[in-house]
Amino acid sequence: MKTGKPTRWVLPGLGLFQGLAVTGKNMVQSFYKKERMTTVQYPEERAPISPNFRNFPFLVYDKDPKAGLRCTACSICEKECPPQCIYIVLDRDENGKSLKRPKVFDIDLSVCMNCGICSEVCPFDSIYMDGEYELSTDDRFGGLLFGLDRLSKSAEYHMKLRPEQASEVMARRKADEEKKAAAAAAKLAKAKADAEAKKAEAEAKAAEGKGEDA
Amino acid sequence: MIPLLILSPLILLAAIGAVWMARPVHAALMLALTLALVAVLYLALGAEFIGLVQFAVYVGAVAVLIVFSLLITRPGDEAEEIERRPRSLVTGLLCTLPVMAVLAYTAASGSNIKLIPWQPKLSIAELGEVLFTSHAPAVLALAVLLTAVLIGAALFAREPDKTQDDSSEK
Amino acid sequence: MISDSSMPYSAPTLAPGADDDQLLHVSLGPQHPSTHGVFRMNVVLDGETVVSLKPVFGYLHRNHEKIAEGVTYLSSMPYTDRLDYICPLSNNWAYAHAVEKLAGIEVPERAEYMRVILAELTRLINHTAFMGFILGDMGAWGSALMYAFRERELILDLFEDLTGARMMANFMRFGGCRNDLPAGWAEKCSVLVDDYGPFLDEMEKFLVGNEILLARCQDVGQLPKETLINGGITGPMLRAAGVNYDIRKAEPYGIYERFSFRIPLGDKGDCYDRIMIRFLEMRESLKILRQALDQLPEGEYVNPKAKIRGFKPPVGEAYARIEGPKGELGFHLISDGTVNPYRYRVRPPSFINLTLLEDMCLGLDLADVVIILGSIDIVLGEVDR
Amino acid sequence: MNLFAAISTEPALWSPEWLPRLPQRLVEMLLGFLGAPEWLVSIAGFLVAAGTVVGVFLGGFALLSLIERKTLARIQNRIGPNRAGWFGILQPVADGIKMLTKEDIVPAKAEKFLHLLAPILIVVPAILALGVIPYGREWTPVSLELGLLFFFAVGSLTELSVFIAGWASGSKFPMLGAMRAISQMVSYELPLIISALGVVMVSGTLSLPLIVEQQGGFHLGFIPAWNLFTPWGFFAGILFFICSIAEANRCPFDLPEGESEIVAGHMTEYSGFKYALFFMGEYLGLFAISALGITLFLGGWQAPLPGLGFLPSWIWFFGKLAIVIFMFLWIRGTYPRVRIDQLMRFAWLCMIPMALLTLPAAGIWTILNRDGHGFLAWAITVPLLLIPCVIVTVIFNRRLASANRTYRFAE
C-alpha cells in the first residue's frame, strides 16, 4: 500500500464516534421529536389515506341499486383490464333483446392489481376505484370474488369518498342530462312544430275546401 | 480420600476413551474430559491454583487448539481407523509395559520415599517469587523456546504463494 | 466470465468439474437473508476465499415480455411498475418515452416537468434505500435501513397523493400523465426537498467516516474501466470507475438540458466509490428537483389528442432509454400496426450489471461477496422480468 | 438457642445492605430453628445463595432481551415491542413460551449427544463465572482467593462448546461459523487477560473482593479512586471493553453468527429451547464479562461520590452494569460487522501489543506510587502510553491519505 501525505489529519476513532453520535441523537430525539417517529399503532390509530388513494374498483348507482346502475354492460373494461379479472354477462329479456344492464358483474379481487385502467376507459362513469383496504377474508376461493351486490355503491358514497372527482362527474352528467333534455325538448318542439305546421296546412286545405263549396 | 477414589477411575475411563474412540473429534473431546477431571482432582486435593491453571491452560487452550486443527484439516473417515485397532492395541501395550514396570518397582521398594509433611497452603505470592528468583533461568529459557516455536509456526502458516507476491508488486 | 489480460490478479479459477475435497461448496441459496430477493449463488470456497461463483436466477421470472405481446399498449403500463419495484415511476417514464418515440406523440410542458420531478424523486428513493440495504448486508442491521425508509415513506406519501398508490404508480400515459397535481402537492414536494439536505448530511456523518465501513468497502470488488465497459455496465457502477457516461447528459431526453447539474465520477470503482457516487448523485438530484419545482408551468398535463382506447401506433420500431437509478433502462418496441406490440423488449440495467459479479468476487472473502452483490444494487423483479 | 444468636451478631435482618443475602439467612435460620445438623445448614444456605444469583441474572436475561429490542428500536426511531403486556413487559415471557413450544429439530447427520451437550456447555460457564463476582460489600456469592483466575478458567470453556455446536450440527454453515468463532475467541482472550493482568499487578491479589476494596477512597475529594481514572487503567479499561465485545460475540465482532453471510453460524441447526439456551448463554456471558469489567476498572460496588455511603452498595454495581450494557446495545445499533481477516489483524497487530504495553505502565505506576512520587508516576506512564497512540494515528492518516478518493464532476 503506497502511503501518500495526509492533507487533513483525522483521529482514527473519530468516524466511529460520529456514528455513535448520530444514533445517540436519533435515540434521544425519538422520545420528543414527532417527525422522527413515523410508526402508527395500527388497529387503534389509523393513518389517514389520501383522497387519491385507489384500491379495488366499485360500481356506482344513482338512486336505486338495481335500476340506477350506471353500468350498461358494454364490457370495454373487461377487454382493457390487464390481468383480465372482470367477468360480465349482459342481461337480456325473454325474447333476447339486451336490457343494457349487467346480469352478472364479477371482479376477482385476488387477481385485480388496482391499476385503475378500467375506471379510465369506462365511457359511462360507472366504475371507480374504492378507498377501502380492510378486505381480508379467510375463505380462499369465493371470498375475494365480489359480485354485483358487493361491488355496487351509491353515488353519495362516491361523493363522500372523492369529493372533487365525484362533483366533477356529477357536473358532467348534469350537463349531459341538460343537453339530452334540451335535444329531446328541441326534438319535441320540432315535432310539435311539424305537427302544427301539418295541422295548419290541413286547416288551410280544409278552409280552401270549405271556401270552394261555400 | 473419597474424591480420589471417585475421580481416578473416571480419569482412567476417560483416558481409555480418548485412545479408543474411532472418530478423531470424539477422541479429542474425551481428551478434554480427562484433562478436566484431572483439574477437578487437583481442586479436590486443595491445590486450587494448580487446578484452575490446569483447567484454564489445558481444557481452555490445548484441547481447543487440538479440536480447532481437527476442524480445519477435516481428517478422513474412521473405517480404516477401526480395522487398524488390533495392531495399534499391540503397539500400545508394548509402550506401556516399561512404564508399568518402573511404576511397580518404585511402589514395591517403598523404603526411600519420604512422605513430605503436610505444608500450609502455598500462597501465590511465594510461588511468584520462587519462580522469578531461584528458577529465573528456567523461566527465561522456556520463554525463548516458546517465542522460537511461535515464529516457526508463523513461518509454516504463511504459504510461499508466488502469485500473491508478484501481484502486490504490480 | 470475461477473462482478459487486464485482470488485476490471477486467482486460481476452478475448471468446471475439477473438484478438490478441501474446497467447500456453499450455495447462498434463493432463500438467504442478504440476496435482495430470490437470487442464488453457488460459491466454491477455499477456506474463506472465493474460488468460483456461479449466479443462478430466474426464480422471479413472470414472462413479462410475452404477456406484453398479448395485451394492448396501455395495459402493459401497470406491468412496468413491477419491473424494478423500488423505482416504478422511472420504469413508467421509460415505457411511455418509447411509445411516444414510436408513435411520434408530443408531450406538453407541464407533463415534462412532472415527469422529471417524479423521476428524480424515484432516484432519491432508490439511492436512500440502497444505503439502508448495503449497511444491512454489512451487518448494521436496521439502523441505516430504518432512517432510509423513514425518508422514503415521506416520498411515497407524495406518490400516493398524486398517483393513488405508493409504489405501483401506473401514472404515465402516452403523451403525458394520468392526472394533474392535486392542490398543494408542489408545496409539499418543495418542503420535502428542503428537508432532504439535512437528512443526507446526517447519513453522511453516519457512514462516510466510519472506519469499519472504510475497511470493509475499500478495494473490494474493483474492476478496471475496460472490463466494465466491455461488460456493458451502466449507471452508478460505471461512473464510480470514472467513466463519464450518464444518458441525461450523453443523449438528453425530456427537458434535462434546461437544468444545470453535474455528474459525479469516482476514481477507483470499488464498493466504497459506488456508495459515495450514490451520495453525490442524490445531492445532484436535489438540485434538479429544486430547479424543476421553481419552473413548474401551468397547462395541460396530457396531450389532448392522445387516444386512450384502441391506440394503434404506426408500423415501425423504436428504442428509447432513460437514466434509471440503477443504470440505462431501455425499452425496444416493434409495432405491426395492431393494438398489441409485435415485440416488447426491456434492457434491464440490474441484470446486465450482474453479469460481472464473478469477476469482482474472485479471490475475496464470503463476506465481500455479499457486499459486492449489494453494491451492484440489483432488484430481482428487473433481473428476472 | 442459636436462633437469637444469629440475629444479635449480624446486622438487622431487613437492612438494605444485606438484602441480597436475605433468602440465604432466612433458610439458615429456618433450618437452624428446625435443628438440622451444621453441615446441612451451610449447604442449604450456600445453595440458596447460588439460587439468588441464578434467579437475579435469569431475570436480568429476560429483562435484557426486552430492553435490547426496545433500545435498538428507539435508535431506529421505532417503539419496540409494546403489545405483550404493559409496555411489552411480558415480551420475554412470550418469547420463552414460543421457544418452549417450538419443535426441536435435530438434523439427521448431527451427532445426537454432542448436539444436546453444546448449549448446556455454553450456559454453565457463564453462570459459574457470575458466581465469583463481588456484587455488594457483603455479597460475594463465592469469595475465592483466586477469583480472577477462576473466571478466566471457566470462561475459556465457551470456545470448546462453540466448537461442539459447530461440529455436531454436521452441515456447512455451522462448520464455517465454528471456525470463525474459535479463531475470534482465541485471539481476543489474550488481550483480555493481559489487560486484566494490569489490575492484578497494581492490587497485588487475584481475589476480586480485595480488588474492589482497593478501589475505595477518593482523590482530591471527588474523583473516585477507581482503576479507570489512572493512566494505565484508562488504557487497559478501553482495551478490556473492546475485547469483551469480541468475547461476547457482540456487534462489530459478531462474525460467528453473521446472519448476512453464514445465516446463523454455529446456531443454525438449533431450534426450540436449545436455541433459547444459546441466547441465554450469550446474554449471561455478556453479564459476566461486563460485571468483571466493572469489578476491575469501575470499582465494583464503590460509590461514585463521597456523600453517597448510606445507599446499599449493590445499587452502584447494578447501576454501572446497566450503563456498560447500554454501551453494548448502543454499539450494536450503530456499527456494521468487521471482516474475519481484519478482525484477526486488529487482534494480533493492534490489541495485543497495546495490551502488553499496559503491563510496564502499571508496574511503573505501582512502584513510583509506593515510593510516594505521585507526580513522577503520571509523568512517566502518560507519555509511555501515548507514544504508540501517536504512531498509530500517523500510520492511519498516511494510509487514509493513500486511500483517499477524489471525486471529479463532469459538466
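Going by the order they are written in, the chains are A, B, C and D; count residues from 1 in each one.
The rule is simple: contacts are C-beta pairs under 8 Å (C-beta built on N, C-alpha and C of every residue); 3 or more make two chains touch, one makes a residue touch a chain.
In this text the structure is predicted, and so the values were computed from the model without any measurement.
Farthest from chain B, judged by the mean position of CA atoms in each chain, is A.
Pairwise, the chains sharing the most contacting C-beta pairs are C-D.
Computed centre separation for the pair chain B/chain D is 29 angstrom, with centres defined by C-alpha atoms.
Here the CA centre of chain B is 60 Å from the CA centre of chain C. With centres defined as mean CA coordinates, chain D is found 62 Å away from chain A. One simple way to say how far apart two chains are is to compare their mean CA positions; for chain C and chain D this gives 45 Å. Residues of chain B found to touch two or more other chains are absent. Multi-chain contact residues of chain A, defined as those touching 2 or more other chains: 10, 12, 16, 19, 22-23, 26, 36, 38. Along chain C, residues 143, 147, 150, 210, 212-214 each make contact with two or more other chains. Remark: chain D residues 71, 74-79, 330-331, 333-335, 392-393, 395-404 touch chain A in the complex. Of all the residues in chain A, the ones that touch chain D in their complex are 1-7, 9-12, 16, 19-20, 22-24, 26-27, 30-31, 36-39. For chain A in complex with chain C, the residues that touch the partner chain are 10, 12-16, 18-19, 21-23, 26, 36, 38, 49-54, 76, 80-82, 113-117, 120-121, 129.
Residue ranges on chain C touching chain D, taken from their complex, read 24-26, 32-34, 48, 135-143, 145-147, 150, 210, 212-216, 218-219, 242, 244, 246, 249, 262-268, 272-273, 276-277, 280, 365-368, 370.
Contact residues on chain B toward chain D in their complex (touch as defined above): 25, 29, 32, 48-49, 52-53, 55-56, 59-61, 63-65, 67-68, 71-72, 124-125.
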